[in-house]
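Quick notes on the structure that follows.
Chains here go by letter, A, B, C and D, matching the order in which they are written, and residues are numbered from 1 within each.
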Amino acid sequence: MSSEPPKTSRKLFFREAITRALTEEMANNPKVILLGQDIGKFGGSYKEFVGLIDRFGSTRVLDTPVAEAAMVGLGVGAAAAGLHPLVSITYMDFLMLGLDPLVNYAAKARFKTGGQITVPLVVKTTAGAKGQGVVHSQCIEAWLMAVPGLKVVAPSTAADAYGLMKAALRDPGPVVYVDHKRLFATTGEVPLAETIIPIGQAAIRRTGDDVTIVAHSWMVRIALEAAERLQTEGIGCDVIDLRSLAPLDMATITQSVARTGAMVTVEEGQLTCGVGTEIAFQLREHLENARIARVGALPAPVSSNPLLEAACIPDADRVIGAIRKLLGSNSA
Amino acid sequence: MSSEPPKTSRKLFFREAITRALTEEMANNPKVILLGQDIGKFGGSYKEFVGLIDRFGSTRVLDTPVAEAAMVGLGVGAAAAGLHPLVSITYMDFLMLGLDPLVNYAAKARFKTGGQITVPLVVKTTAGAKGQGVVHSQCIEAWLMAVPGLKVVAPSTAADAYGLMKAALRDPGPVVYVDHKRLFATTGEVPLAETIIPIGQAAIRRTGDDVTIVAHSWMVRIALEAAERLQTEGIGCDVIDLRSLAPLDMATITQSVARTGAMVTVEEGQLTCGVGTEIAFQLREHLENARIARVGALPAPVSSNPLLEAACIPDADRVIGAIRKLLGSNSA
Amino acid sequence: MPNPDSDIFRPLRAMMLIRAFEKALVSRADHGFQLLSSGEEAVAVGLCDAMGPDDQLLSSGRSIGPALARGITADQVMAELLGKATGPNRGKGGRGHIAQPDIGFFGAHAVVGGNLTIAAGVALAMKVEQRPGVVVCLFGDGACGSGALHETLNIAAIWQLPLVLVCNNNQLSVSTARGTALAPARLSDLAIPFGLPGATVDGMDVVAVRDAAREFIEAARRGKGPAMLECLSERFFSHSTATRDTRSAAELSEIHARCPIERLAHGLSPAIRAALQAEVDAEVAAALTKADNAPWPDLAEALSDVL
Amino acid sequence: MPNPDSDIFRPLRAMMLIRAFEKALVSRADHGFQLLSSGEEAVAVGLCDAMGPDDQLLSSGRSIGPALARGITADQVMAELLGKATGPNRGKGGRGHIAQPDIGFFGAHAVVGGNLTIAAGVALAMKVEQRPGVVVCLFGDGACGSGALHETLNIAAIWQLPLVLVCNNNQLSVSTARGTALAPARLSDLAIPFGLPGATVDGMDVVAVRDAAREFIEAARRGKGPAMLECLSERFFSHSTATRDTRSAAELSEIHARCPIERLAHGLSPAIRAALQAEVDAEVAAALTKADNAPWPDLAEALSDVL
């Protein structure tokens, strides 16, 4: 009698993976509370909070007014006083309104108090474009990477959304956890067993010998699409999913590029002072002769106009073009 | 009878050079108004506004409440409506409170309105450490460089403070003009004739054949000190003063490094996703084999403690160390 | 046949145009989600009826009603919302960002509360240059939780800016009931500590909105400084065409029964209603056709007008 | 000889300690500028007298008075301000950032208005975990122009947080007179629209401050929610020891005549005053000596406690 091996994972929507992580962590740790706009009965703009208020009540799942500065400040203060809050800032563009408590207080509290105060806070937010225009599309991860005292993670798969959210909710913090609007409706296998993805570890999503593509969040999918298409013309790509932007896992990147000799970074945000630029610098400290190119948004706002949005942000064609140019320029 | 050649310049304090630029521009252009905390009778925390309210009155020199978000928003709105305001945000750390109007409105207004609205605004602010601690010492120029639609300038001399302020007040904007707290009390020769420093042009402050040091603002002085000391051991340095961070004058940098073969970037802010990192990337697109090192603050908040502040931010010793290592590693 | 210049005719037609416009627009789901003003027409129309040619209106992202009421043509609003180059923003701003300052619509801005300080700045420019205009800023109840309102009220008060703040209180911010998000009993009470006049009116009554707005706007024009007006309104549809509604069918039918158009049109002959309806429907249909036939922006626009 | 536990004795000594402390501190100009509380002692002392051991105080950067009044020892405050490793923040926080949460001084923060939302978060933690404490946030009149106050008042009101907001209105923000920067006639009126109790008291009268604070703190402790207290005080010195004063000698002498210490000590025998003075002077002198002899932080501290 043939029997299927027992399932060890289950397919979940990305948003469901977040819900699962939140549910488990809230069940395990009464100090975890959630603050956000429309995260209660409504369940969040991307449905990632559905059901939590029913299970944990309105003392632990708090609908806030539209007041991002106070939302972040409340989370910071509550964390500093011993809770482990998650503050949901629906759009990263509006995290700008809360940078004062995040950067000027949370990221510095432990240092400035000589260790008396820590801030075990998670700020969950959403980057990237999906037809919503100039103030709902920005990616400011690179700003946050540059702030001493902050950790930054950005999953691209349901399993990592689950595992990184859990890690973030156990971290002494503060951690900024970044979703992408286009990811919530994607699906992926998530381990049935409780699985934490440690902050600071990249993942290799695909292997190939000719070039390393480094990306995070939605751009990992663009990178994989590019890699697949390049395979048909005989170009093999390592695709590295950063998962964690601060700290960066330079070891995984360096190992890959040591083998491939070339790296293309792909990000949806700006190239200038961006994620790829930083990785390129650090990489070259180990591998002086690596060939490197970076792909990112055009230096312009992202219009909600579908044609202009598409023209602004990277797609597989642009990644492929950059790789062909990079590899070609070497062989030439 | 011997006669001295007529003087073409005059020694001014850095802060006086700003006052002169403001005075001239306000006299020339009734659309220039100033908004800031304590810029009226008090004359500004660094005395750079002294006398302006007496000359131009309280309709054009406006003391504001402590409300950085509104201060920037007022400047943005007034600029969008046709004035040419300057908003003084005394400490760059608090510009975080005004990033929403600056980044989400001002930097995008022209784009999103299809050119109907422009925002001829200058935000003047002050970066860097001078014993004031964790929330009065930050340098977030690199964040601003990455925002499409913003220009960023940061003078290091009185003449440039004068000339760049004038350029900023004539630019279609928005422009962020960055002072450094330690510069206000420095002096320098400023041309007697009206002289505008175009935005986007670096200056070569010293020449030498062995290495190019690239810096801006206060760090130019640190770079010059390092260069002088290195001269005594036979190492010649080009010292480039960026003056403008967005746009960057890569041509001047590239020309210099083409000759010296090595570049050290020096900034007071964070290295991660910083000014130097961006310059390094762009430089290598032209000069693949340039040796490059970057010097910046430790990845930590800046304490007001004099010992810890000094340990955190770059000084000439650290610049010299980086240069020796860079040049040595090559010859080794 | 009513006099086309009569008090009721013009606002009625303006409100019907907004309603018809949105009905036509949502038939075109391929153009992405939209933020509809249906139910709230009386706020936009009453307010704009009180504004003069020198005045500027700034609005929140929910801007179809305000843009049409202020006089951007249906052709242009439609073109902009469908992303066409013939929109006033050349199709680059789209939903939430439509603007035409030269006719007095300084623009929508999709940051909740984000236009408040900008509006104060526009008012400052008017004051400094002694221009005749008054600035009106229209925002939702959601924006009343934001600190920008406080900073704006304070500065507008100390500098006596020609600024009228108008809260379109549709009692919801996405799914969040105004009562659970905002402590004040009346949102216009927020003006009181600053020594500014505040008033709350029925936002389903176009005449009440117009009269209250006119009083504040004319006072501001005479140099009497800023004020805050709250209009209690109802949002007929969900937050956006891509958002689920959280209200029950019963609630919604009660809300729809308060229709500002029906209220104003009450007593008008069916024939006149029908004629008006035909007129606005034709205007909207023409706008849709023109927008459909209009060119998309050139791809180079992705990088133009940045610096 | 007065009873050391009498109503007047303890606050008097606490105020005199602050005054003496600052006098000693400013003799050490080599340690950078300082933000002095002299003249405002009654606010800090009255407030802290109304607080219990479970409560937490958060203050603005002008924190010498509040830190001492809340019970951080003179030794420790001095060490912190002189940058020594024996300070509660190990000499890393310094002026504007002193903190010792374990004794109920959650900390100073040098962003004007920056501690308001943080304090609300601390209060939220207390409420969620049903801890017995109340959170008090002390801020200047300058912070009343900031939007953070509005957001905090609103959220504290809707969630009924155990939070008492106390404005130390010394009528100046650096050089800016409160009257030119802030429209409200009374700053505590800002609480009114949110349905919160507000009161304004003479901040030069330690008993008035204590009684008003006690009422609000005890109400918050009983679950009655937040409140806002304004204390009208006077800043004796310039904004910081590195800042020029803008007030005339005549103005200053009028201000100094309102001294809260003299007011409370009125009628006390000179001998007792002198004894008290000697006591606080000795305490401060000892603190200074200890701080002088204490070690600097290790340079490795520049990178420690970051992540």
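Everything that follows uses one rule, which is that a contact is a pair of C-beta atoms (placed from the backbone, for glycine too) under 8 Å apart; a residue touches a chain by one contact, two chains touch by 3 or more.
What you see is a predicted model, and the numbers here were worked out from it, not measured in a lab.
Asker: Which chain pair is joined by more contacting C-beta pairs, A-C or B-C?
Answerer: Here the pair linked by more C-beta pairs in contact is B-C.
Asker: Could you state the distance in Å from the CA-based centre of chain B to that of chain C?
Answerer: 41
Asker: Need the CA-centroid distance for the pair chain B / chain D, whole Å please.
Answerer: Roughly 36 Å separates the two chain centres.
Asker: Calculate how many whole Å lie between the centre of chain C and the centre of chain D, each centre taken as the average of the chain's C-alpha atoms.
Answerer: Centre-to-centre distance between chain C and chain D: 46 Å.
Asker: Listing for chain C: what residues touch at least two other chains?
Answerer: Each of 91-93, 97, 109, 111, 114, 145-148, 151, 154-155, 158, 180-182, 301, 306 in chain C touches at least two other chains.
Asker: For chain B, give me the residues that contact two or more of the other chains.
Answerer: Those would be 64-65, 67, 69-70, 93-94, 100, 104, 111-112, 133-135, 148-149, 298-301, 303.
Asker: Using the definition of touching given at the top, classify the network of chains in this structure as line, ring, star, complete or other.
Answerer: Topology of the interface graph: complete, with all chain pairs in contact.
Asker: Which of the residues in chain A come into contact with chain B in the complex?
Answerer: 69, 93-94, 96-97, 99-100, 103-104, 107-108, 111-112, 133-135, 140, 142-143, 145-149, 246, 269-270, 272-275, 277-278, 280-281, 284, 292, 294, 298-301, 303
Asker: Considering the complex alone, what residue numbers of chain B touch chain C?
Answerer: 33, 59-60, 62, 64-65, 67, 69-70, 72-83, 85, 100-101, 104-105, 110-117, 148-149, 151
Asker: Which residues of chain B touch chain D once you look at their complex with the stated criterion?
Answerer: 37-38, 40-42, 45, 63-67, 69-70, 93-94, 131, 133-136, 298-301, 303-308, 311-312
Asker: Any idea which chain D residues touch chain B in the complex?
Answerer: 32-33, 83, 91-97, 109-114, 142-147, 173-176, 180-182, 243-244, 246, 296-297, 299, 301-303, 306
Asker: Enumerate the contact residues on chain C facing chain D in the complex.
Answerer: 145-151, 153-155, 157-158, 180-185, 189-190, 192-196
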